[in-house]
Amino acid sequence: MKHQITISAHGLAIGYSLRSGRRKVIHNSLDLELQSGEVTCLLGLNGAGKSTLIKTLCGLLPPLAGGVKVFGTPLGSYSHNRLSTLIGVVLTEKTYAGGITVYDLVSLGRYPHTGCFGQLKESDHEAISRAIEAVGITHKASSYVSELSDGERQKAFIAKVLAQECPIIILDEPTAFLDVTSRIEIMVLLRKLAREQKKSILLSTHDLDSAIQLGDKLWLQERGAKDNRSSAPMVCGTPEDLILSGVLESFFSKKGVVFDSYSGKISPVPSENPVGVDGEARSAFWVGNALKRKGFAPTAPSKEIISVQCISSAEFVVSFPDGETLIAKSIEELLNLFTNSSS
Amino acid sequence: MALLCSCNGGSGVTAETECFKADSVYYAKGFEISRFDDWIIVNVRNPWDTLKTLRRYVLIDKNKPLPDSLPEGIIIRTPVEKAVFYTSVHASMVVQMGRIDAIKGICEIQYVTDSLILERIADGRIADIGLATAPNIEKIIELDAELIIASPYENSGYGAAEKLGIPIVEAADYMENHPLGRTEWGRFYALLFGEGARADSIFFATRDRYNHLKNLAGKSEKRPRVLLERKYGASWIIPAGGSYIGTIHSDAGADYIFSDFKGSESVHQTFESVLDRAHDADLWLFKYDTKHEYTYDILKDEYQPYSNFRPFKERNIYICHTTKTTYYDDITLHPDRLLEDLISIYHPEILSGYSPRYYVKMK
Amino acid sequence: MKGRSKHITVYICLGAALLLLFCGGLLYGAVRIPIRSVLEILAGTFEGRQTWVQIVMQSRLPQTITALFAGASLAVSGLLLQTLFKNPLAGPSILGISDGAYLGVALVMIYFSFNTYLSTILAAFVGASVVLLIIIGFSRKVRNSVMLLIIGIMVGYLASSIISILNYHASPDKVHQFVLWGMGDFTGVSMEKLPWFVVFAAGGLLGSIFLIKPLNALLLGESYAANLGVRVKRVRIAILLCTGILTAATTAFCGPISFIGLAVPHIARLLLGTSNHKQLLPITLLAGACVALLCNMLTVVPGSNSILPLNAITPIIGAPVIICVIVNRRNIQYFN
């Protein structure tokens, strides 16, 4: 299965042109590539310029230097109409579409394909229905957009982009306001689109878990250039490569936060209070989680430190260095023992 | 206003101790003149609420000493030698009574038509005071004016001028409904300049001439049906039968079509009402003040259905340009002249050889 | 679909209302003409008072057609602006276009006192066009539509201030004339002038129909619209042009008429429930025509000698609608 390069950027500089002719460069000399059949997740802290990058790649903002190519042809040389059949976006901007039905909203995705009055043909209606079904809001098709919950609204906009039938889909924080189940639903949907329809999908997100699990590639965007000095280049790669090479760890190693390359989670910097944890694997993991929360660092058990032996999920044996042992029947009890002993 | 007069707390007039005689005012309803030994009192009625007095003026001769107990009212020492006029018409009246020297300043000189006044404006003897709504107060002070004559408007004051301490005469002549009523106000103004007798004789002459003409017109048997004015926007503004215009046209011997609209307020009518009622009028008269002269073509172009009126079809329309003629001055000073003009249109046989001053036949 | 049948009902009701009000305009007026006579006049078989024929054919008929087109033009113009600026309080007067027309007429009437019919119309058109061109010029430079709205409002204020100065210095006569023009008037267009007005109004209305598709896209905001292939800057200019022609023509021929442009799009949205311009635009057109016809009829008070100015009646219909909309904001979907 040959993957095609859908969007590529060379020496791209993104930012804004200010009134006085000056330019605010957020990033310069970016070299990026998007491939078909893949989900690429753009990660970065707030203010790193994710939205700017996204808008530049889909043609909404002009690049300050360098160029963006779509299917090998410069973005600027495409006609507006042609481009709208190639790239579809989902943004975070406020819209005034509250007064139209979901069906009407999704049918706007057919805009590039319809004639001058926007008349919908049979094939258009089919595309719209398919899109609505794919995101799972068929039961809300005749509701007004203002009546939807945040998650449903987001899905509706994704349905619109699906109806647009573009090979490239770019989303700006599509899961930002969604609940946990919706988030996963969206990510799974995007994965499916990439895999089954060979779409090229780029999304910016804060959801590290989903990105690592479901993203084929990660783009890590550092904070932008300050005072016209060069910004750090973007790092791109498969999530696992980035984790194992330690890049992800160093990306997140700031201000009391650490990326744990074992669990794939970001957590506060571990304390220096070691507690030994051993026993049944699942219980041991969650005991470790609770201990971390309380400011302890779970580690291999030893005689010099307090150790916890997990017999089962309802029986824990705590051994103190002075030889004393106590038994706890639940993690809450266990934690109480710790706080009592430390006082 | 009350601030300006030197009220001595005197309770005013008592009938027994001072003997007074009230001048007979024949047509004007807006003022009354009462003569006393030491002063003349003129009461100007409130034109919007005729039961109330708008102002009371107490005219005291300059040459006589100021009496100890003064009646309430605005004190004016007469004869006035330096006056400022907000309207050119009043200034013209003063010229008529031979006191052009007392005119020191006029507002809105672009409306002055009197050649004598224009001459004096040109050589600086009469100053331009600016807009009547916003007169040049400093100029008035500089002129050392003793009096201001202005037209009153409902519920509006005179702004900074009130604080000058100069008496302001509120000339409500334009609210009179009878043509001679307006002219009669000249008798009041004349008292301010010490020309009472002269003004009276001018007034009586005008009155007599007016009535003479009116009688002549009344003798004629036929009374042509007359339509007045035009449509502005959505409404045709119809002067009422009891208004100034209604009166003068009726006096000229015409059957003014809408004379049954009582009172003096104009009525806004739709075009279709006017067409329905007045389509077969004998004559049509209207006033205008655009730069171009009106013709039948222009009138038709303005609103094509005008051509349905009989006077249009039979070419019997008369028009008057209000700023190129002395129309506005003369309706106050010389209503008899306007009457003459109208009679020459309505009853041409009465006045032969008369050349019209205001209304000409439209081309 | 449930929505569909509701839309059809609205179309039918409005169509019927339009027909009724159009007939009303021909049958009702300050002069009482029996219905039968009016019908005979229209059929050409009437043999009676000639003035009645003149009244129906030369006054009522052109008046009614003018009201129809003026109402439709103003309403559609208001809708276009409300969508372009995403502001429910936008109306044709907000961009200063009608103020420009006002200023043009003020200059001609008061300053130059050159008062032919043609000069008034031309002056209104030129004034409106000048303001429109200024706005369009800024539209190229200003990215944000809200900024454009503010510029338009400021231009309007500027025009108003110049008009105040003119009024201040003018004679009462001229001011009176100008004030009367400012009251709005559907009766000023005679049958022979009517084709001119209809051509401009129909042109603007037709143009707006071609804008339905991009207008819907603009509901999503300019970024989404651009992504869907809309050439936002061009569409903006097209919308401004359409609205400019509609407003300029109506103001030139009928004087400035308030409220219809602001209120009728809301009436249409309340009736339809949707903001989809495919239905909203035609319904706004019809509703605008109906409202104007109604207001025109209401200027003639039965039994009285006098008539009411048009601009005094339009707020009586318009203001309650706006208040109702604002009070019910939460329940109305298009605000959310």
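We just call them A, B and C in the order they show up, numbering each chain from 1.
Everything that follows uses one rule, which is that contacts are C-beta pairs under 8 Å (C-beta built on N, C-alpha and C of every residue); 3 or more make two chains touch, one makes a residue touch a chain.
None of these values were measured; they are calculated from a predicted model.
Taking each chain's centre as the mean of its C-alpha atoms, the one that lies farthest from the centre of chain B is A. Each chain gets a centre from its C-alpha atoms; the one nearest the centre of all protein C-alpha atoms is C. In terms of their C-alpha centroids, the spacing between chain B and chain C amounts to 42 Å.
Annotation: 86 Å between the Cα-based centres of chain A and chain B.
Distance between chain centres (mean CA atoms), chain A to chain C: 50 Å. Not a single residue position of chain C touches two or more of the other chains.
Per the touch definition, chain C reaches chain A in the complex via residues 1-3, 86, 209-210, 212-213, 216-217, 219-221, 223-224, 226-231, 269, 273-276, 278, 332-336. Interface residues of chain C facing chain B in the complex, by the touch rule stated above, are 29-31, 50-52, 54-55, 58-60, 112-118, 168-169, 171, 173-174, 176-177, 180-181, 183-188, 190-193, 255, 299-300, 305-307, 309-310.
Contact residues of chain B toward chain C in the complex are 111, 131, 133-134, 231-235, 261, 267-273, 275-276, 279, 289-292, 298, 301-305, 308, 322.
Put simply, chain A touches chain C in their complex at residues 55, 58-60, 80-81, 83-85, 87-89, 91, 93-101, 104-105, 108-109, 111-112, 114, 116-118, 142, 144-147, 164.
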